[in-house]
Structures are given as C-alpha cells and as structure tokens.
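After this come two complexes, each holding subunit A, first together with subunit B and then together with subunit C.
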Partner chain A sequence: MSTLSFTLRQAPTQPINLSALIPSKLAGLSLGDIEALPLVDGPNALQVGDVFAVSGSLGETIAISGGSSFLDHVGEGLDQGTIIVEGKVGNHAGRGIKGGKLEIGGDAGAYLASTAKGGIVHVKGSAGDFLGGTRPGDRFGMLGGTVVVEGNVGQRAGERMRRGVVVARGKFGPAAGSRMVGGTLWTEAGFGARPGPLLRRGTLIGPSVDELLPTFADCGRIDPVILGILSRYVAQTLGPLAPKPLPPLVRKFAGDRATIGKGEILLTA
Partner chain B sequence: MLIKFTGGTVYDPMNGVNGEVRDIYARDGRIVAAPPPGTKIDQEFSLAGRTVMAGAIDPHSHIGGGKVTIGRMMLPEDHQGHEVARTDLMRSGCGHAVPSTMTAGYRYAEMGYTAAFEPAMLPANARQAHLEMGDTPMIDKGAFVMLGNDDFFLRAVAQKKDFSFIKDYIAWTMHASQALAVKIVNPGGISAFKFNQRQLDLDEKHAFYGMTPRDIILTLARGMKELGVPHPIHIHGCNLGVPGSMHSTLATIKGAEGLPLHLTHIQFHSYGTEGDMKFSSGAPQIAELLNQHSNVSIDIGQIMFGQTCTASGDSMRQYGNTKSADPKKWVVMDIECDNGCGVVPMKYRDKSYVNALQWAIGLELFLLVNDPWRIFLTTDHPNGAPFYYYPHLIRLLMDRTFRNEMLEKLHPGAQAATILKSLTREYSLYEIAIMTRAGPAKSLGLRDRGHLGVGATADITVYEENADDREAMFKTPLFVFKNGELIVKNGKVVKVVAGATHVARPEYDRAIEKPLREYFDRYHTVKLDNFRLSDQEIVDSNCGHTGGECGCVIVQPCGPRTS
Partner chain C sequence: MSAITRNGVTIDDTFAEAFGMSGLGLVITADTLKWAKISAQVMTGFGTSVIGCGAECGIDRELSPSETPDGRPGVRVLMFGFSPDALKPQLLNRVGQCVLTSPGSACYNGLDSPTKLGLASGPRFFGDGWQTAKKLGKRRFWRVPVMDGEFVIEDKCGLTTEAVGGGNLLILGRDRAGLLEATEAAVDAIAKVDDVITPFPGGIVRSGSKVGSKYKGAIASTNDAFCPTLKGAVKTECSPDTIAVLEIVIDGLTSKSVAEAMRVGLKTIIETGAAKGVTRVSAGNYGGKLGQHHYHLKDLLP
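On to the complex of A and B.
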C-alpha cells in the first residue's frame, strides 16, 4: 500500500488549514503540484512545501508526521482512504467527514468531526469542546459516522448532533449532548455536570453523571432491546476499538423536559 | 494632468454616440474638449478595438443601512468559504449575498461600476446607512429615504393637512437624512401590519388612518414633482411576491395621473394567478402598459439561481415570506415605530417552478419593454441575486442562444409557462449602456455622471471587446477610471479611492420644524437636532471639494423635470 507522507519542517507559528490534504483532492497531482498548494491565504501566505517535506506516492493513505495545535481542518471532507496524524491537531479535524478513516495520535482541538456524515475518526488523546458540534451557521452537528476518543472530551460534545455514535473511554465535559437532536454519546468513564441541556432526542450512555439537570425524570431500571443491538453494532463497526458491551439493565432518565423530552440518559452502573 | 484615451469604440447614449471610434480627453478628473494641437499629453491610453463606456451606475442596491448588517449577523454561513484576504491595497472582508462593505465596494469597481445607490434608508437609520456607505470604497453612493409608513406623514395625510405641509416634511426628511430621493415601501402596509392587517391592496383602507396606498403614492409622487427632486418617487408597490400582484401594479401605473413614478424591482410585482400552479407571468400585460406610459420608469430586480438573502423594509410581505426562508431563520422587526425591516435568507432553485418562472418573468420584462431609457438593470441586490451576477445577466440579455440554453435547464413547467423562448430581442451594447449608465444617471439627476460628454466626471470603463462571451467581457473590464484615476486594471483593483455621496436638497419652509419638534419631543427616542445628519458625519475630511474628488458630499441640483 503506497503512502504519501507529510513531515513537518518546523513547528508552525500560525493556524494552517489542511483541508486540501485529503486523497480525493490530491488525486492526479504530482509531488510538485502538491507542494505548491496554498495552505494559508493573505499576507503570510504559505504553501504545502513551506510547511511540510512531502515524500512517497499517493495511494489510499496520507501520513502526517509531527503534530501541532495549529494544524486545523485536518481531514476535513474526507470521503475515502486513511489519514494518519502522528501527533496532535488543532480545531475542526474531520469536519464534514463522509467516509474513510482519520487517526489522530495526540489530542484534537475543538469541533472535532463537526457535521460529520460518515467514516471513522479515532483520537488517541483527548478531544476539545464541541465534538461533533455545530459551527455558527451550521444547521446540525454530527449527521453520521463514528468517533472514538481514548481520552476525555471537552464541553458541549454532540451539540445539535443528529445521527452517529461518539464513544469516549474518558469522561465527557459539562453539558454533553446539548440541544442534541439524535445520535448516541457513549462514555466508559461518565458524564460531567448537567448533560443534555435542551436534549430533544438522542441517547447518552455512561456509568455515572456528576450532576443531573432537574428537567430529567428518573424512569427506573429498564431493559430495552436496543442495548444489545447497539453493542453488536459498535463491535461490528469498530472491531477492537469498540467499548465493552452494555449490561442488560440500565437506569433511564428521560429529558430534557424543558423541550420535547424524547432524549434519554442511560446509566450503566 | 491631461489624459488622452485614444481610439476606443465609444458608447455614450446621453450624447448619442453609438459605437463610434473617438478620442476622449480628461483633465483634473473631468472630461474636457480636445485640446489645441501641440498641447502636451501627460498620459495616453491606447484603446483601439476596445469598448469605452461611462462608469456604470446601479440605481437600486442594498449596500447600507441596518438590514444588510442584520443579514451579515444572521448568516455566518454566508461568510464561510467567501473570505477575502487583505492585500497591500485592500482590506480583508467576506460574504457572498451580503458582502462586507469594503468587499462590496471593491467588487463593484472590479466590475466597472462607479456608483451604487442604497434604496431603503430609514430616516431613523440614516446615520448607520451613511456610515456603512462611507466604508464602501471605490464607488459613489447615495440613498433614498423611506417615507409613507411613518406616523407623522400618515397623520398629516389623514388630517388632510395643507399640501405644502406634507411637501415641507418630505423635503425636511431628505435634508435631515442626507437623501438623494424618496422611496416608499409597501405604501401604508408596514404601518397597517402593526394594526394586524396582513395585506393591503392598492385600494384597501388602512385600518387606523383610513387612507389607501393609492392616496399615499399620489401624495408622495406629487410632492416629489413639486419639490423638483430629479428622481421620481421610488415605489416598492403593494403585494410584493404575491401571485396576482400584477393587478395592483397595473392599477398603480394606470392611476399615476401622469405623475412621474419609478416602480422598483417590478419583477416581484408581476405575478398572475393562472395555470395549475396558480402562479403565472404578468410580464406581457405590464410591459404593454409601460410602453404606453412614458411617465413610468422601472428597474427589474432579476432573480438568479443560488443562495442569497432578501432584505427589505417591507415587514408585512417579508413576514409572509418567512415560510420560504432557507436556511430556516429570519428577522422581521419594527424600527423606531416608524418603519419596518424584514431579512429572510432565500435560495432560488432552477428546478422549482416558481423560482424558474420568476427568472423568466424578469427576462420577459427586460425584453418586452421597448424603451431602455426607462428600464434599469438590477437584481435588487441582494434580494434577487448578489450584484456581481450583473455580467451574467447582461449576457442573458445580449445573447439569445445562451438565454435559451439556460432556459432549457429549468423546471419544464416553467418553460411551458413563459413566452421567453419566442422573444428574439437581443440587447445591443448601446442599449446596455443606456440601461446601466445613461438611464440611471438621468433618472437620478446625476448631471455629470453616466456620460462622456465635456464636463462629465471622468468615470470611464474600458472593456475588451468579446462578442462571444459578454459575461467575460463585462466581468473583467480592462480599465476602470474614477475621476480620471486608474482604479482597476484587468478586473483587479490597482488603486483604492473613496467615492462621493450624492444628495438632493429641495427648498422648503423651515417652519415645519415647529410641529416636527413637538412630535419628536412627544414620540421619538431621539431629539430632532440629534436626528439630523450633518455633512461632517458623512465626509471624513474638511476638503472643501464640491465635485466629488474625494469622499465628499455632492448636492445634485433640484429643478423642474425635463422629461
């Protein structure tokens, strides 16, 4: 399998937009063409060649060696192939991803996988605020796809999310699932304070909650069929990355009753 | 400094020049007669084979005032992907449907325009509008102040005050808000909306004041004529966008009693109710009537497909349009209890029957109205489309094959419902020059703009002749000169200048301030003296110029209309 490698020449000192570096946009370009692609517009304009040493040949995989929180929009709009980043990335990584796989070795910034429609995003470190969320002007946050975060997640994950699954081994920050319209947030460590403000539909799964909103109603312990289906689905999609299967019984809190209240927080412990 | 423009093919309808090869001379920002032989020419531009016209003028474009700012704030998605970086010359900006002020000015100039006029300035928002226009570089600008829905005016009409009282009030408002003309938006309708009326036809009574839109239009039209303001009353009529609106438009034209009128974005007021969809074209009937009434001029407000944002003072009709908002968000609001404002984002789709027919209706009107002096090329930016679609629109008018190709891509039902295919007319360059230069300049009373005769301001646009693709030709002018200075070369800004602000100041009796002051003290949040906008708030220098050499105020003379 051929790999196209981008190695950071030195640590960047200003935000760099890497949305041009996805396999479908690079198809048919020579190494020289790729080095001449613009990354930053304006007076401090930069081209790919200024920031990265490019080597290898374009195939299914793009490897970015090094990492920096200035690397924004990594894998934005990815539709096929794999992008592997060695270190951390900045904001908007995997925004609007439609397919393929984005692997991030370090931490990710805010708006990870916002408006994603498909594909898999795997972050080995932690993720910032608004994971799968909306940027101003977006109608919805995540619309599909799967995100796995090994570390913790920042505030307001899944804001206005509509579909898709986010799995975190660590903890979600405060107000996870705010204004969520659908989809699943699943943590193996628990939720921070007040998850699900104005949660319309959608499911928040975790062992514990730091503090519940008063607008969620305790529905007792239930055994919905979906638990098994969901466990099998993530095992199938994520393979070894999948979280442990859900227990047969969970405690349900329904809400947010400040809005239509068709959402749920399922506590597994 | 004497500049010579040598050997260009000149289209200057105001002076009857139709495609003649001529030399033009400019000295100190003005066009001058050919100097005696042997005079030293400081700079010469050889324009053989190129098309030379005066700088284009957009008589109706929403580039200032509160509503575009609302549009900018409401639509962050309109900024994303349309960022423009700073250069050594130009400032950064963004925006597609509602670009930032600086970007709008640059884009206008890069398209060969040297003036654009904001048609809906509320008196209460005049300061904001002028500040925004002051931040719009490159082009001359001016604004039409909105009257006819404000309570002071409606009370005066309802109480049957002496006509000179109303006239003084119109003139006072023009002075106070630094306006070039007066616009009326949905006559009485914005006020009626606040009395829970959801539509107001031409002869329907205002629920509170009792007068009809027809009374309001005639009062203002007569006022403008008697005050001697060059531009006639600028009318955004009743029933904007309503199927069947053609009938109130026809009635407005018939009921004008010979008074000069300008009907703006008439495309939105030319809908019939025939056919299965109860939505049809009223363009043939309206064009026929327009051809008979030489006192009425129009601009089109052509729609183009794609994302845009409608912004209007017509809160009544915009409230009706909110269900079509795309993306689904909108603002309809009252402003200082005196007027309204409605901002509704809109996406026109070529596969939609209604949108496709709207597109065809605009073009039908363009092609069926015979006299190009009374029809101006606009998209009602940003209501029909952003202004930088003009080159595309010009190609649609000048190239029948291209027009029919575009027509074939539309909703089949709309294709069947329009007579566009049978219209063989193609606009000539001369007619385009009338429609985009001479006509608007004459109508607005800009005596030294829009033409290339001796004494005119040296606002000149030079195009590379391209008969095959008029869109490319009008999109990237070879040179644009403003006041004799080269500001755009090959469609790129090479020098940033500030444009002047045009105003008209008809005579009036200052005694009107007494009742007005009482009214302001009683009802307004702002005192009368603070309401008024001084010259110093518009210009940023005490330059002392009067001819628009920099961003100063130019007072256009008022007087009896010649035509």
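On to the complex of A and C.
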C-alpha cells in the first residue's frame, strides 16, 4: 500500500490548518502541486512545502511524522483512507469525518471529531475539551462514527452530540454529555463531576461518577438487551481497540430531568 | 407424459408452477433458544397461505449467539405476501402481538436488501413516549420499556420483491404412514436449505387445491384429480395403488433457493421413499399460465 508522507521540517510556531491533507482532496495532484498548497494565509503565509518534507506516493494512507499542538484540523472531512499522525495534534482534528480512519499517536486538542458523521478516530494519548462537541454555529455535535481515546478526555465531551460512540480508556472530564441529544459516551475509568447537564437522550456508560447531578433519577439495577448490542457493535467496529464487553447488569440513572430526561447514565460497577 | 423412474420412485415429467412474491426476513432473539423459538412459532402461526392468512410465514433456521446482533440465541423467520403493502399489516400485527409480547424477546432485520419496510413503525409507540432509539452504524434500534426490561426492535427490515411462493412437490404413496414419514424426511432436508420455508403444518399440506369451485364465492377447492377416494369417479392423477398424496409447498427469498429446496426434497424422497411406500412424485401447476416460475422435476433430479 502506497503512503504519502509529510515530515515536519521544524516545530511550527503558529496554528496551521491541515484540512487540505486528506486523500480525496490530494487525489490527482503531483508532489509539486501538494507542496504548493497553501496552509496559512496572510503576512505569515505558508505552503505545505514550507512546513513539511513531502515524499512517497498518494494511495490510501497519509502519514504525518512528528506532531505539534499547532497542527489543527488534521483529518477534517476525511471520507476514505487512513491518516496516521506520529505525535500530538491541535484542535478540530477529525472534525466532520465521514469515513476512513484517523490515528493520532499523541494527544489531541479541543473539538476532536466535532460534527463527525462516520469513520474511526483513534487517539493514543488524551483528548481535550468538547470532544465530539459543537463549535459556535453548529446545530449538533457528533452525528456518527466512532472515537477511541486511550487516555483521558477534557470537559463537556459530547456537547449536543446526536449519534455515534466515544470510548475512553481514561476518564471523562466534568460535564460530559452536556446537552447531548443521542449517542453513546463509554469510559472504562469513570466520569468527572456532574455529567449529563441538560442531557435529552443518549447513553453515558462508565464504572463511576465523581458527582451526580440532582436531576438524575436512580432507576436501580437493570439488564437491558441494548448492552449486548452495544458490546457487539463496538467489538465489530473497533476490533482490538474495543472496550471490554459490558456486564449483564448495570445501574441506571435517568436524566437529565431538568429537560426531557430520556437519557441515561449506566454504571457498570 | 413420459415419466422417469429412480430407485423405485416414478418422477412425473411435469413442473411446479410458482408465483412472484414479496418476502422479508426477521431475526428474533431471546434469553434462551427455547423462548426465541416460542416467539417465532407464535409469530409465524396461522401463516400457511396468503389466501386466508394474509402472509405465508415460517422459521428459516436457528441462529447461534454469534450470529445475532445482541449475542443471544435466535431464529430467523421469513414472511411472504402478495406485495409489500400486503406485508405491512401482517408485520405490524404479528410482531406487535407475538414478538413484543414474548418474554425477553428482541426483533431485528434478517434480510440485507436495499429495499426496506418499517419494522418498528408501529411497535415502538407501545412505549408511550418512553421509547428511545440508538443508532449504531447504519442500524437504528428502538428500545421500548416493557415489564421485563426493554423490547428492542430494529427500525427497518429488508424486503425483496424477487421472492417466490408456491414451489411444490406432490408425493404419492401406497401406505399412509410410510408416505408421511418419507415426506417428513424431505421437509427436514429442505429445512437445511437457507432462505426457504415450508409454511404448512409441519411443512406438509394434505389438501392441495385447484383453482375455482362449483360453489360461488369459493376461489379454490379440493384438487379432485389427486384425491385417492375419487380415483374411479373423476379424471384422476392418482395411480391405481395410490392410498394418499401429500404436498410440500416451498416459499423462498430467491428462485434459486426454491429450486434448491425442491432438488433436496426430491433427492430425499428418491433415496428413502420406495421402502416407505412412496410410488410417485409429481408437482402442482395450472398449465403454466398463472405463475412466472416453472420448476421442472426432470431438471431437479439428482
């Protein structure tokens, strides 16, 4: 499989928008064309060739060697193929991803996979605030697809999220699932304080919650069939990255009853 | 009509005439295979013929936990009707009354097809506003709170208009008990073929019909040509030694699957029938003018 490689010439000193570097946008371009693509406009304008040494040939995979929190919008709008980043990335990585796979070797900034519609985002480090969330002007956050974060996740993950699954090996920060309309947040380590403010629908799964909102109602222990469906779905979608299957019994808290309250926090421990 | 004899069983040179139908597949799961089967049996009950039942239904096969969306044992059921519109009320009533009500059950799409029919369009409203949906990938699952937990039902199920109804074998014998045993064996063999059902009781029908009747209002009546008790009184299809005739009717999602089911059934009868008193195998048709699908027995011989 042919790979197109981008190697950072030096550590960036200003935010760089890498949304142009996805296989479908680069299709048909020569290495020279790719190096001439603009990345930053204005007085400090930069082209791809100024930032990266480009090598290889375009196929299904793009590899970005190095990493920096100034690398924003990595894999934005990815619809097919794979993007592998060696190190960390900045904000908006995987925004609006529709298909394919984005693999980030280090940490990711804020708004990871916001408005994602499909595909898989895999972060080997931690992720920032508003994972799968909304930027100003977005009606909804994540709309589909799957995100796996090996580390912890920042505040307000899944803000106005509608569909899709986010799995974290680590912990979600405070107010995860805020204003969420649907979808699933699943942690193997637990939720920070007060998850699910104004949660309408959607599912938050984890072993523990630091502090529950008073507007969540304890529904006791339940064994719904959907647990098996979720476990199988993530196993099929993520393979070895999937979390451990859910236990047969969970404790359900229904909420947020400050709004329609059809969401749920499912405690696995 | 020239017939072929195989292993002591005469195979008539005739064909089964079958019709184009609409078909759909469902997967029904439960906590145990026993309860998945109970739900499926009740749901497919009274589903022998579209004439009086609205749909022809049956269990295609059992599914292991690894084959179902929720990791529980299940069965795949098939439903056939004249048209997608004719299947809609059947699906609603059968799933609503027989699957939703069955302990621990869940109901999923069981047929990959670009054409879909609403599966949860009715049953989800049983939730009275407490129902929620979970969309995973391309599949949407409705969760309806019920007294034993949640009834999960997939939003849509696949539909095909390429299905075939009415593939058949007529089996003639000179011993009633032996004929039934041999026909049962053929039904068991057909059950192993995917994508087909034999919708009549135990897969066997003893009251084959002809089109029309001497009575006004009856659209079908007894197939007197195959009634052994009339063999001297009518233009009979029975042999002089025929004591009884049994028919296996086969519905399938594809013409190929129906042909395969008939082939397997015929093979079983030829292999085991003569010893049990089977004398002949024939097939039901209407002269070839009504049905789009013709399955000639001589083409299906092993």
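The rule is short, and it goes like this: the second predicted complex is superposed on the first by the 269 of 269 C-alpha atoms of A that agree within 3 Å, B and C clash if a C-alpha of one lies under 4 Å from a C-alpha of the other, contacts with A are read in each partner's own complex, and residues count from 1 in each chain.
By definition in this document, contacts are C-beta pairs under 8 Å (C-beta built on N, C-alpha and C of every residue); 3 or more make two chains touch, one makes a residue touch a chain.
Since the structure is predicted, the reported quantities are computational estimates derived from the model, not experimental observations.
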Superposed partners subunit B and subunit C on subunit A - clash or fit: fit
Partner chain(s) touched by A:Gly228 [first = subunit B, second = subunit C, both, neither]: second
Partner chain in contact with A:Gly42 - subunit B first, subunit C second, else both or neither: first
Of subunit C and subunit B, partner touching more subunit A residues: C
Contacts of A:Ala269 with subunit B and subunit C, given as first, second, both or neither: neither
Subunit B versus subunit C as contact partner of A:Gly182, first or second or both or neither: second
Inter-centroid angle subunit B-subunit A-subunit C after superposition on A [Cα, multiple of 10°]: 100
Distance in angstrom between the closest Cα atoms of subunit C and subunit B, superposition on A: 24
Touching both subunit B and subunit C, residues of subunit A: none
Touch list for subunit B against partner subunit A, complex: 75-80, 83, 85-88, 92, 327-328
Complex interface listing, subunit A residues touching subunit B: 41-43, 45, 135-139
In the complex with subunit A, residue positions of subunit C that touch it: 29, 69-72, 104, 106, 130, 132-137, 141, 143, 149-150, 152
Sites on subunit A touched by subunit C in the complex: 144, 163, 165, 182, 184, 201, 203, 222-226, 228-233, 237, 262
